[in-house]
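Chains here go by letter, A, B, C, D and E, matching the order in which they are written, and residues are numbered from 1 within each.
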């Protein structure tokens, strides 16, 4: 019977729970879901990670290729993120070109990478104006259950930490490249951005780490990305208005989450090195 | 209880198909045997001396509406001739993907069909119980509420408050006491209520 | 065309009695007509008519760059176009599914280097190679497309004249090729090119070369493609399933028939005369 | 475009040896396929076209397209990928083939007695096997033959032909691909030769209005010549089919 | 090529770095010998030994049914969705349809390539004869398979997982379906080949014109009814070798079945138990 009620009147179903200060999945309002991070599981990529936030699952694979730097920035390589929401992950999506949602999320991730400077494009240059690395960072969503950006950023950081690039002998006069696969180096990572998503329910209740149902029913959504103590990105696409105090409350909550995720990444990396 | 159940997987041969045992829901018959179609547990129903072998899934079964099924639907659009709705449940089974359906004016009521007005029977957002009519060439399902037990079960007044039935053609707003016309279903009372479920959730969190 | 149950039973009984609705036995083919050199500006071409299945194949050749991961190999590409002339269902993009199925099967059948050696199409390692486009146009569908297409493709490749490379000039990154005239060319070696046979299971028996009515009566068939004495690809089509012994029987039958078909094709090709009035005017 | 290259030599011969008012050789055959209700094959010089007609039959797809007083005529023009010297990437779906499909439909609508088949549809499909100039006229001519083969009532033959202006004063008939490339304006005309009506006219580039009359006349003359050839082919076909069936059903 | 405005595009031209590694001078035959010596394969398996299979259901919460399978390093995830109306169809079809999509997570190929399309078609062919399609006329069931990591035999993995996902979704099926792949090269049959083995089986390595078979065979079996629902072969294989391989594959499929059965039964018991807990909680 509960299932029927949920299907027919989802908002009321939620409100009935929320008046009792609990969410339908049993969480408190400000509780985040359990997170799991697994790195280096795909060895066809140069770096990879699988992140789970609750049931949301994201695979991130990083593949490096050679390219020529842009004329304006001869000493920089490229980082090209793309998020794919395949029909496999939710009945909402169809196969074909990326949906609007995928495009928006891809852009957010690209902005986060750029603003957080977790990877310096200068580190990706092999020979100025001639040869550079291009890192294709592909995210594939396997299970879509809300808070996608959080999972993506976590997977990204996990994957970046596992990236190793082979050493290259480059002869600029002949344009000859020789790759030594035996000698691989880690990519320097300069910072670790951490993201947290919240939704505003009925203009007043704040729920942390929303599931997909909560994202669909909410009146507003906000994603906060922090890099240590620095604010790195806030994404709030319309919805219920916020007061300044509320905003700081959110930021405080996301700050508390940061060390947790940091530890998780470290632990995952330790596991792989064992 | 679980220990006594006979668990089966698709394609599992269950028993001979003879005068005593016949193939029921979730099974099929091939060359004198009954096989399972689903992963689930076996249930044998006795009826008129015949044992019907059925298989039920433990989770949700994949079903599509069929002729004669009672479905729960949500009204989406009304016009003078028909109303369009989405089928959300078939019997007790909740659908993840709603199916489109049409309820024509002449199928709303069993009597005085020519006097029926769609807008006096349903409004967008109403939850109705309806029966699936025979499936024609057309792609959408056709529904009927021409039975006493079928019609609107949950509705909200113009002001957004829940309404309670006052007769088989009228419902009353619980806050404003304004009466609105509906084709009301005679609801057989249900005994599980929402409060209990919430209690359960609290138990889990504690 | 859709058959009713009674018609299907009639077809089924015919197959059982080894006397099919058009009077053939189970292993018989319908009459075939083959012409080559029918598209004047292609490097090679063939038209095959199997009863009322009509296939036109033209081969075009271009100079291309090899794939970086296979520097020693040329390229072979199959493109199938289902003309709406065959059936109105193919209008627009309606024939795409059939077309992709056939072209994929052809690619699989020509995949092995023992069947068709792409290395022979290499001109200059990693720089230049021949790319062969095999364009197949389905003009009429009267059943058994796979067999007809494979024979027509083999005949067209047999007919293909690959220009000879007279001279290669390399200047840094530029490679210039001097190619011989069309009169002085080399034929492709297609002795091992595969021949496909569709073995169709109807009732308890297997038949070859099903017509449209028979195709409808069958729940499944096996397409075998045989190159010399080996199978180059086997594909199951249709919605039914088979017991493994039936499958092996199908393979045996397909193998036998393919050998016969290949012999027949070679003897026909060797007898082919360049004629003036070719084509659809006959 | 320069007309430096002589389209017509001093002794009045064109690049392929024809005279100015000569058509290329037209060869055609009706009933080349068995499955369509009507089919035809037509060669005009090197240009080779197959046409197939299906119908009249029930309207396919959305029934909303059906008309209560007319049959709808559905045309699809398609070019085999190997039909041109450079291999084409797609046989149809590009702008040019859509345009040609529409033009073909317009020409055929003028002759088919569509009022005889309300609520129905007639499909005409043409497939170009070799394109060597004058694709559109070849398609129209082949479609006419296919329609006749299908036994669909038409008011009269619809024939098409191209004409051009050489050396800025001599009109020429039936332009080949080579002549198209070298230049000169091309006038394409689809006409009803018996009643002398023009159904469709299309022109590329420009020439002086004074020339229009003679070029148009030339094109119309071409249409009439084409009609003669088609007519002969039809009569031959009817005779062949009739005699082989013992003129069954004519008694 | 037109610019893809819906994705972030990197620089115009990029090349994979492995093209510039020190040239591989090993001949194919040497590679083969390295891969297979003393009757053992590179991963220490016997030629006819299948890799360990790991199965998990319910991995995609948003799907009606889903399954995840691991064959060694090959990882495939399959999800099945509720029936939906067949798009672009106006006529009534008595039997429901199956729509399969097989995708490999290869970089830079956003559209399905020919191989993926072919595999999708084979998957559809394999599953069509086991799903009771008459139970959902006029509808189609969508099945999506995504290969996360390809280390050989991805198609077989996808088909086996699809069978599990379908029964997890409660889609009525006539039978359990399992699939196995076999590679053949140089008179050796490799059951469940890895990616390198599969690559070697794809080409002919003996240059001396010997009559060796080489190629790949994929087979899908309906267990109870002992039927082959799909058979696919490429390469160049003699009739004798195919006959033998079919036997090997049949046995291999039979060996996989108990695993799938065990997994399904475990899953059913778990859900029943959960439901009971739920009932107890509600009534308390």
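Following the convention adopted for this analysis, a residue touches a chain if its C-beta (ideal position, glycine included) is under 8 Å from a C-beta of that chain, and two chains touch if they have at least 3 such contacts.
Chain identities (UniProt): A = Ribosomal RNA-processing protein 43; B = Exosome complex component CSL4; C = Ribosomal RNA-processing protein 42; D = Putative exosome complex component RRP41; E = Exoribonuclease phosphorolytic domain-containing protein.
Being a predicted model, the structure only gives us computed values, none of them experimental.
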item	value
Chains touching both subunit D and subunit E, listed by label	C
From subunit E, the most remote chain by mean C-alpha position	D
Centre-most chain, if every chain is reduced to its averaged C-alpha atoms	E
Contact-richer chain pair [A-E vs C-D]	A-E
Centroid spacing, where centroids are CA-atom means, of subunit B and subunit C in whole angstrom	53
Centre-to-centre distance between subunit D and subunit A (centres being mean Cα positions), rounded to whole Å	60
Chain centre separation (subunit C, subunit E; CA means) in Å	28
For subunit A paired with subunit C, centre-to-centre distance based on mean C-alpha positions, whole Å	49
Numbers and ranges of subunit A residues touching at least 2 other chains	91
Multi-chain contact sites of subunit E, meaning residues that touch two or more partners	15, 81-82, 90, 130, 222, 225
For subunit C, residues contacting two or more additional chains	none
Pairs of chains in contact (touch as defined earlier), listed by label	A-B, A-E, B-E, C-D, C-E
Touching residues on subunit E, where the partner in the complex is subunit A	4, 6-11, 13-18, 20-22, 59-63, 73, 75, 77-79, 81-82, 101, 103, 105, 107-108, 110, 142, 144-146, 148-150
Complex contact set, residues of subunit D against subunit C	27-29, 32-36, 39, 41, 43, 46, 48, 50-52, 54, 60, 74, 76, 78, 80-82, 85, 87, 91-93, 123, 125, 127, 129-130
Residue ranges of subunit E touching subunit B (in the complex, touch as defined)	64-65, 81-85, 89-92, 130, 132, 135-139, 141, 167-176, 222-225, 260-261, 264-265, 267-269, 271-273, 275-276, 278, 281-282
Contact set on subunit C toward subunit E in their complex	68-69, 100-101, 103-104, 107-108, 111-115, 220, 222, 227, 229-244, 247-248, 251-252, 255
Touching residues on subunit E, where the partner in the complex is subunit C	15, 19, 114, 117-118, 121, 125, 128-130, 202-204, 211, 213-215, 222, 225-239, 242-243, 246-247, 250
